[in-house]
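Okay, so chain A shows up in both of these, paired with chain B first and chain C after.
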Partner chain A sequence: MENVLSILFCLSLFYLSVTSRVKAYVTVLQMQGILLTVLLVFPFINHFSAYALILPASLFIIKVIFIPRYINKIILDLDIKRTIEPTIQQFTFLLLVVFVMTAIFITSHVLSKSTDIETIPFASGFSAVVVGIIVIIFRKKLIVHVVGFLVLENGIFLFGTSVASALPVMIEIGMLLDIFVVVFLMGIALNKISSTLSGFEVTALGRLKD
Partner chain B sequence: MDLISFVQGILSLLVILSFSPMFAGLVNKQKAIFTGRIGAPILQPYYELKRLLRKESINANSSSFISKLSPVINMVAVIIAAAMLPIGFARPIISFEGDIILFAYVLGLARFFQILAAMDIGSSFEGMGAAREATFAVFAEPIFFFTLGGIAFISGFTSMYAIYHSVRLDNVSYIVFIIVCTISVFILAVSECSRMPVDDPNTHLELTMIHEVMILDNSGVDLYLYQYSSYIKLFIYAILETSFFYPFGVQNFTLAIVIFAVVILILSASLAIVETITSRFKMKNIPQYLLFATAIGVLNLLIYTFTK
Partner chain C sequence: MLEFSVLILFPLLSSAVCYFLKSTLSKYSVSLSVSILHLALSLMIFIGWYQPNLPFFFSTDSLSKLFLLVLSNVYFWVVLVSFSYLKRPVTSKAQAGKRYYFLLLNFYLFSNTAAILSNHFGMYWVAAEATTLSVAPLIYYYRNEDALEAMWKYLFLVSVGIAFAFIGILFLILSAKGSLLEGQQLFFTDFIKNATQLNPVWLKASFIFVFVGLSTKIGIAPMHTADIDATSNSPSPIAALMSGSLRITALLGVMRILQIVQPTSTYEFAKVIMIIGGLFSLFVAFIFMFKVNNYKRLLAYSSVEHLGIITLGIGIGGLAFVGAMYHILYNSMTKVILFFTAGNIHRKYKTREVDGVSSVLTLLPWTGWLFLLSFFAISAIPPFGIFFSELMIFEGMLFSDKPWVLAVTLFLMLFIFINMSKTLFQMLYRKNENEIASSEKERFEIIHFATIVILALLIAIAVASPILLRQNILNISKDFGITL
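Entry: the complex of A and B
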């Protein structure tokens, strides 16, 4: 079951690398949030405990409801253009993602021989981290950078579940809070930038002088 | 091969040949309903084929023997490909180790001759269509090989009949495998049969078309052969898609037939929905759409290499 979810996660990464709409990026985030929640809830079907549901529930509320809504609100409020404006062609980007993913799968297969990890969730999480990074590198829009960062964080989450089956709940919740605060700060920063500069692109920030 | 399986093979080939125009009609009818029109009857493709048979075929002055040869080769190649597909649990007439390669290249041969014939006529417009068809074929072929090759790799067989019959439902990842493969075969079908997001079958005489422009100068029996073979081709890809669901009816003939019918209906509905809600892509976006399916195929292969 874990494999199934991780593969769906990989599919969402592929979709992320071909779509050219900011809205689709937010949808992908939501989908990944749902996948991660299901992944966390799944082990508790057999031995249920209310305490164990805290993490999935908070994950669901933050990743599926709050953050996407907040990003959508920023897009609406600041009237950001709805295309992502890549710096390289989508085709090249997808090709890059495929190569990266292949390399990661091979590497994690090699790793799984010597260490105790599950190949598919580990490799999918790792790929999400790398895809998040290359989204940040090859896209101009600031809001897309935030989404890239969140994808990266989702990757770390998936990656964590495959390495250690149970990270301490407090640490994970702390991490979630961190992410939430970061996104919040980003919103405030974007609002501030919009009052000074007209565009929301990295190129505009490059021209800043003091 | 004993007599019963031979008869079954013949029967399934006849099913493909006789029902393929109806599948196209079904898609068109549903598409019309979704867009709020009454639409042509489901049997309309049959009427159109019948009308074409009555007409005289005329070739351009500048065309050579290739234009006369190409429709026939096209038709024959597509029929050979159709004879390799298992319907339900019937053994296809042509079935041997490694037939997936033949399947791909028989369809490739049909396309090759169609492209040649389009260039043979000497119209620059058709040359453009031929160039586009060739370009997109380059991106479509890896989809087939990564998907079907992936299944061949998993099952350890290289014949379509054996592949589809060896896959069992006892591991969970088969469900993922179905999801992953149906998506990529769907994209393959859309691009190979020149359906909506890649090519618009309704735009005649516009600069946007790919497949339609290549058969613009054909008429009568030639056009009949081209049209009929394109209907069969669409149905072939539909069957390729249905085959993934056969293991749900393991060793049960009636159930397999029911699954076949249901999946065909669902597939026609989803083709119609996709064609209704999407518009045609820009030409430069098509390679990326096709590469997406290839990427899914690569993922498929990776999963199976590393979950063993």
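Entry: the complex of A and C
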């Protein structure tokens, strides 16, 4: 089951690299949030306990409900144009993503021989980290950078579930809260950037240099 | 429970209290009281008059005791001068920044203390990310375009950096597969005890990710850019806080992982990475000192330089490591006074460009002379502490297996010193024909008082060399497997 979810997660990354609508990016975030929630709930299906649901529930609330809604609100409020304005061709971007993911899957497969890791979740998580960074590098819009950052965080989360035998719930929730506040602050900053620097793109940020 | 309340709960509570209080004076009083209590307890813990017994994911050792004292000390001085700082006139837009100032400052203390005292990698990560969140809105205090850009860059880059550090932590878990630590909680102490069982390949990967990730916060080149922008555009107490204590909190994360790596075969590799990071930071400071013409950016580059020296000292090991620990303490105090006095200069001349500043010594005699002395302190002129710590680091380098590092370091530092002094002396001495004639004499303020006390402390600690401090630093060295 973990493998199936991880592959679905990878598909969401491919969708991310072919779509050019900002809205679709947010939908991808929502999908990934749902996948991660299912991944967390799944081990407890046979022995249900309310305590075990605390983390999936908070993950669902933050990653599937709060953050996507908040980003959609920013897009509406700031009247950001619907397309993502790439700096490179969509097709080149897709090729890059495919190449990176292939490399990661092969490396993980090789590594799994010496260390006890589950190749598919491990590689999917790591792919999301790299795709997140590629999105940040090759997209101009700052709101898309925020989405890229969140994809990176989702990747780390997936990667973490494949590696760690669960961190204490308190710390996991602390991490989720941290990420939520980061996005919240980024949203506020974006609001200010659009009003004072009149732009939503990286090009608006070029004042500070030596 | 007392220590947990004073060090962690009180700052959190006073942060909440500051939200409800209306007057700046009452917020100031609450924050100052909390900071005094924090400083007193940190000092007692450091001296050994109080044996802390912290619950949950927290504990103390020699390293965290020193770092806690550095944080507490810097924070106290920053809070002390904050009231007079907030009274300064700002644009109407920036008035809003004052409202949350003390709230965020208290939250900063809470998150930093939690990070320093944490005994668990997960806890450290959560707290370190929280320090970014507390400081980012403070960078935007002036509510202008530059501050906004600086805040965005800092928030974004450091968050991505911290995410990388988390990948490093996950690699550390992977390195424990097949050892006694598999499936265990991520306590530093457990990992340090069983370090030799860890898988060296994953351990290397873990060190690189944690080091590179936290470099964004420490200000190690080439990840230093957001840090420079943030330090130079935030109000001077916040810049002092960032340069004096926030970078050190991030450095603690790297030192924790280094402590784990130390008994393993990965140690040499980690040392090389740290030396490269340190040298590259010095090189970046060396290049930019030639062209920078904004004095707050200049001070920010000086922070990159000194954190580079500290990283270098830790990487070299031996006596250089001991020197680096002293350097952490002295550098934090010196950075505080440099930014305090630079803030006064900014208030008078309304510009951060060096060209717009002249005759500081005549127009602002108190600030000017104290700025000059602070510059001497950071340039390692005796009897200020940095002279002794740098000497120790250099001696360590000379007698290490890489003496060439000393030659490179000295070359870079010589030019950094020349360029920095050229710029600062211009500000202090150069006469400008269209100078603002001012008959008003500079008043003695609390910032001057704080600067004088810190300068005196810098000399006193260095000259008296308290046994307690030396013993603590030797204990830290012992924890890192260094015996002199």
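FYI, the second predicted complex is superposed on the first by the 205 of 210 C-alpha atoms of A that agree within 3 Å, B and C clash if a C-alpha of one lies under 4 Å from a C-alpha of the other, contacts with A are read in each partner's own complex, and residues count from 1 in each chain.
One rule holds for everything that comes next: a contact is a pair of C-beta atoms (placed from the backbone, for glycine too) under 8 Å apart; a residue touches a chain by one contact, two chains touch by 3 or more.
All of these numbers come straight from a predicted model, not from anything done at the bench.
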Chain B and chain C placed together on chain A: clash or fit? fit
Going by the contact rule set out at the top, does A:V110 touch chain B (first), chain C (second), both, or neither? neither
- Task: Kindly classify A:T119 by the partners it touches after superposition: chain B alone (first), chain C alone (second), both, or neither?
- Result: first
*In the superposed arrangement, which partner chain does A:I137 touch: chain B (first), chain C (second), both, or neither?*
neither
*Report for A:L185: first if it touches chain B alone, second if chain C alone, otherwise both or neither.*
second
_Quick one: is A:L53 in contact with chain B, with chain C, with both, or with neither? Answer first, second, both or neither._
neither
Q: Return first, second, both or neither, reflecting whether A:Q90 touches chain B, chain C, both chains, or no partner chain.
A: first
Chosen between chain B and chain C, the partner touching more chain A residues is C
(Q) Once chain A of both complexes is superposed, is A:V98 in touch with chain B (first), chain C (second), both, or neither? (A) first
Closest CA approach of chain B to chain C after superposing, in angstrom, is 19
Note: overlapping chain A surface for chain B and chain C spans none
Per the touch rule above, chain A residues touching chain C in the complex are 114-117, 129, 133, 136, 142, 145, 149, 152-153, 156, 159-160, 163-165, 167-168, 171-172, 174-175, 178, 181-182, 185-186, 189, 192-193, 196-197, 205, 207-208, 210
So, in the complex, the side of chain A touching chain B is made of residues 1, 3-4, 7-8, 10-11, 14-15, 18, 89-91, 94-95, 97-98, 101-102, 105, 108-109, 112, 119-120, 123
Chain B contacts chain A in the complex at 172-173, 175-176, 179-180, 183, 285, 287-289, 291-292, 294-296, 298-299, 302-303, 305-307
The residues of chain C that touch chain A in their complex are 57, 120, 122-123, 125-126, 129-130, 132-133, 136-137, 140, 144-146, 148-153, 155-156, 159-160, 163, 166-167, 170, 173-174, 177-178, 182-183, 185-186, 199, 201-202, 229, 232-233, 288, 291-292, 294, 297
